[in-house]
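Each of the two complexes below includes subunit A, the first together with subunit B, the second together with subunit C.
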Partner chain A sequence: MSLIEINNLKVHYPIRSGFFNRVTDSVKAVDGISFNIEKGQTYGLVGESGSGKSTTGKSVVGLEKVTSGSILYNGVDITSEKNRKKLNYNRDVQMIFQDSLSSLNPRKRIEDIIAEPLRNFEHLSKNEEKMRVLRLLDIVGLSVDALYQYPHQFSGGQRQRIGIARAVATNPKLIVADEPVSALDLSVQAQVLNFMKKIQREFGITYLFISHDLGVVRHMCNNIAIMNKGRLVEVGSRDDIYNHPLHIYTKRLLAAIPQIDVDHREEHREKRLQIEKIYQEQSSKYYDQNGLAYPLVKVSSMHSVALPPQEAKKYSEKEVEV
Partner chain B sequence: MWKTILRRILIMIPEIIILSIIVFLLAKAMPGDPFTGSINPRAGVAQIHHLMEVNGLYDPWYQQYWNWVVHLFHGNLGESYQYNEPVTRIIGQRAVNTLWLSLFTVVLTYLIALPMGIYAGRHEGKLPDTVIRFYTYVTYCIPFFVILVLGIWIFGYVLGWFPTTGSVSPTANGTFATIGSRFYHMLLPGILGALFGTVNIVQYLRSEVVDAKSSDYVRTARAKGVPINDIYRHHIFRNSLLPIAAFAGYSITGLLNGAIFTESVFSYPGMGLLFVNSISYRDYTVITALVLLFGILNIFGTLLSDIILSIVDPRIRIE
Partner chain C sequence: MKQTGENYEEISTEDLKRLSKQAEKEAAPSAGRIIWNEFKADRPALIALVIVVAFILFVVIASLFINTSKMMETNILDYFDAPFKDGFLLGADAGGRSIAQQLIVGSRNSIGIALGLTVISSTFGIAWGLISGYFGGFVDWGMQRVYDFMMMLPMTMMIIVIVTIINNYNAVTLTLIFSCFYWLGTSRLIRSRTLAESKKDYVAASITSGTNPWKIIFREVMPNISSLIIVDTTLSFAENIGVETGLSYLGFGLPAQTPSLGTLIANANDPNNITEYWWTWFPAALEIIILCLAISYIGQVARRAADSSQRKSNK
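Let's look at the complex of A and B:
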């Protein structure tokens, strides 16, 4: 059974207007997505800003009020707060945020920040708690002095590692990492990412890795989902997405990765322009009349793409033949 | 921490010196003199001149200032022209009254305002928030002395629940009766001052809570799995208290300003009433002493605010 099963998840924000502040419309941040998360894997959720990937991540952690659909954790729907409480859900599912400074309470010491999840779920003595915090600091490579310091006294990379120490404090099974390295420079990015991989090996953690940086996602994730306008457009393994993209949006996204290969600069440019041209010509074909992606269609055991109905038929027929 | 406080105290010394010069010169710049009103009709202009000269009021200002400062350091603020008593004794008696009334008012204000601010912020946009905001705006719009006069009329005269003048009943005998009577006299001005002085605290606290509610570290706390009530207690409340803490020091001086209204309307023998009387009698020695006292309290109020801030917010401390 999957660790997390997301079924037709929808998160809509109401728009209120008029004299009586009535709900007149809604922003469809996430509009019906489904996917499964298996234990021990790393999943990448990629998309442009505003595509709803952060909202999906927050819903998985339980920070977002879900409009409809369900998120099953070991078979229990955790979209209701009652179930989350009963399961001690947030002991098993934690989150890492992009902005390491603002997401740490500026008036709390590192000791309190890291110990707080422990205090919520485990009743440790002062001494045990301190030992746990020290061990966590040791895992993320910070010195003992850090205990009594405040978040603003650290560098960005150190702060992000504090955020990770806080997230792994309760030995979670799943960590949702919402753009954990986007605010860091490249050398620190590598440091934090390798570190995340290390703790994954040690503790068998599952990651849901939200990013718009395709290079980082390629480095981190075995499975990748591409989001656009609140819907999934393509889901597949790393190889499927990077080497055999089928959806026009994925192709365009991949073409946007800057190449450091200067010798073939012109070729890359031409390729990009070509894809852009195809996108301009065919984008109406890949999206329905409301400009939204079609439902996903399985093209192989791992790979699903949001194809228009006529093309989808081809694949489903083929599947029958096989 | 201690370095920060020491530095702040050292800065206060020149502040107080400049303040004392300004206070002294302003008091001297007032038209009129302390004797005209108090001598009998048969005394001539010459007699006033004589009194002025004896009291050194014709000396150049720096000489007068110097005399005043020298006396100040001997604990001697001069004698009141109006009461013919040492100024220190006159102020001392009344300062205690004002202090108790101010303390009572400030404690009551915070007791009312803090829960209201947090509640309004937590339920932003809902009915309780609207009601609380409406209440604070209404109290803010009505001038304070109007409230005092209305209050004294309704609760003092019409209903007769509270005494309307003085700080203690002359018939009270024994320690407990006296304390009880003092408290009874403070109730109405204290409650009115508290009920109508909440607007700043409530509004600041409310907007801080609303800000903090959507901040990233609160999101982090929720992701950690902290129960919502604990989030309010440990994360939002402490962070939202910052501007309120900054406010606390200043609110001391604000209360002294309020005391001028309250004590005048209630004939409450405190520093505010003394101040108003001294101005109308041109009682220079009392006026300068009081303004200096208010000024010094103001400076100490800011010091207190800075100290509270550096305790509440670790980022403000100077290493």
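Let's look at the complex of A and C:
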């Protein structure tokens, strides 16, 4: 059994308008996605801005009201609040937020911020609690002075680490990391990522790692899902995605990874332009008349791609032969 | 779950105390300290604060030594005594009653009502707005319909009608009647800020940290709109002084035998008084102007203190 099983998850936001404030339409932020996260792995969720990554992540931690579909945690559907309460779900599943500044209450001292989940889920004495907070600060590499300071007194990287300290405080089993490093410069990015890997090894944490940066995801994730306009376009292992991408959207994302290789700069440029051209030509083929991706079809045991119907047929026939 | 602890070397209790103390020295100043620093950095505001506090204290204490029923007795011989005549510091009115004494007792009554009204209506309005804005959905919908209904009622007329129906009322009942109507503006203001504030990620983080909604509303969201609350409360205090005064002026506030700033200003209703016997209404009018100005000035300083980017003091 997977740690997390997401089945046909949909999150639609109603758009109200008109005199009676009636629901007239909806934003389909997440529109029928399914994937599984195995224990101990880092699962990457990649997509451009507005593709619904954060909404997916927030649904997994139970912050979003799900329109339909289910999210099973160890087999229990946690889209219902009752089940989450029964499981003490958020003791096991925590989130690192995309915007570190807004995720820390500006009116609270760091001590109170980090201790918040401890106070609710573990009933420690004052001294034990302080000890834990100090250790957490130590783990994320902040000094004791931080204890009585306020969030605005820290840099972006330090704030992100405070958010991480809070997320790991209760020793959770799954952490949804929503672009934990995209606001940071490269040197700090590496620091935070390595740190996340380190605590993963130590505590056996599973990550749902959300990012729009395929370079970072390659460094972190074993399995990857590519998201586009609320749907998944390609799901597979790191090797599948990076070395055998099949969907034009994935190819385009990969071509956009900046290369430091100075000698072949012109070549990369050529290739990028070529892929962009193919993307423009074929986008009508790869997306349906509403501009949305087709359903996923299995092309190998791990690898699924949202192929257009005629190509999908080829693979489903092959599967029958096998 | 003790895992984290065992992976890092134990810290002794003494170390812990020392480290905490060290950290405390580095700590950011407390809210009270910040407000005080802000007042020190702004001389006129400090003066305004001193005036308001000293005046309220003086009025409360001095009124203890005044026998109100005796003060309100008519004394024909002192009819419109000018200031400083017959020992009347501020003169006397048509009934020969001391204006100075009425001013003291009247100020206490008016300020008391305004203060009570501010405390009750702001508390209620803030709670209403916070709850409505935080929970949203059906809760918000229901609470806003109540708000809309209350808004529809003609407020001043309702108060006048109620006051006329209840013939046996005093300062306390009057405050309560006012409070039923004066929480509306505050609640709307607070609700709109709460709506925006609740969307921020620190609220989401508190939810995933397992904090219950009431605690999130009053311990997480409320402190973050404290500047709005402080400013709104101070300004409504200034405004509320006008509420009772206005109604008493029209003759629907406190009963005639209970002096207030409003009944004193009502002396100006008589055209004779306006020019000839100016001392009967002028001190009360001047007092209201000064009080309201000073209070709104204090409100501004409080807003600056609550909003770190606007501070004048560099502490």
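The definition used in the following text is that the second predicted complex is superposed on the first by the 322 of 322 C-alpha atoms of A that agree within 3 Å, B and C clash if a C-alpha of one lies under 4 Å from a C-alpha of the other, contacts with A are read in each partner's own complex, and residues count from 1 in each chain.
The rule we apply is simple: contacts are C-beta pairs under 8 Å (C-beta built on N, C-alpha and C of every residue); 3 or more make two chains touch, one makes a residue touch a chain.
A quick note: this is a predicted structure, and the numbers were derived from the prediction, not measured.
K.L.:
Under the superposition described at the top, does placing subunit B and subunit C together on subunit A give a clash or a fit?
P.N.:
After superposition on subunit A, which the two structures share, subunit B runs into subunit C.
K.L.:
Which partner does A:25 contact after superposing on A: first (subunit B), second (subunit C), both, neither?
P.N.:
Neither partner.
K.L.:
Who does A:107 touch here: subunit B (first), subunit C (second), both, or neither?
P.N.:
Once the two structures are laid over each other on A, A:107 reaches both partners.
K.L.:
First (subunit B), second (subunit C), both or neither: which does A:185 touch?
P.N.:
It touches nothing on subunit B or subunit C.
K.L.:
Going by the contact rule set out at the top, does A:99 touch subunit B (first), subunit C (second), both, or neither?
P.N.:
Touch partners of A:99: subunit B and subunit C.
K.L.:
Where does A:239 make contact in the superposed view: on subunit B (first), on subunit C (second), on both, or on neither?
P.N.:
neither
K.L.:
With both structures fitted on chain A, tell me whether subunit B or subunit C touches more of subunit A's residues.
P.N.:
The partner with more contacted residues on subunit A is C.
K.L.:
State whether A:117 touches subunit B only (first), subunit C only (second), both chains, or neither.
P.N.:
both
K.L.:
Identify which of the listed stretches of subunit B (3-11, 21-29, 39-47 or 57-65) has C-alpha atoms clashing with subunit C after the superposition.
P.N.:
3-11
K.L.:
Where on subunit A do subunit B and subunit C both make contact?
P.N.:
61-63, 88, 90-91, 94-95, 97, 99, 102-107, 116-117, 120-121, 150, 152, 163, 166, 170
K.L.:
Name, in rising order, each residue of subunit B that touches subunit A in their complex.
P.N.:
215-217, 219-227, 230, 235, 238-239, 312-315
K.L.:
Please name which positions on subunit A make contact with subunit C in the complex.
P.N.:
Result: residues 58, 61-63, 88, 90-91, 93-95, 97-99, 102-109, 116-117, 120-122, 127, 130-132, 134-136, 138-139, 144-150, 152-153, 163, 166, 168, 170-171, 202-203 of subunit A touch subunit C.
K.L.:
Which stretch or stretches of subunit C touch subunit A in the complex?
P.N.:
Contact set of subunit C toward subunit A: 1, 3-5, 7-8, 11, 13, 16, 19-20, 22-24, 26-28, 200-202, 204-211, 220, 223-224, 226, 308.
K.L.:
If we count contacts the way the header does, which residues on subunit A are in touch with subunit B in the complex?
P.N.:
Touch list, subunit A to subunit B: 61-63, 88-91, 94-95, 97, 99, 102-107, 116-117, 120-121, 150, 152, 163, 166, 170.
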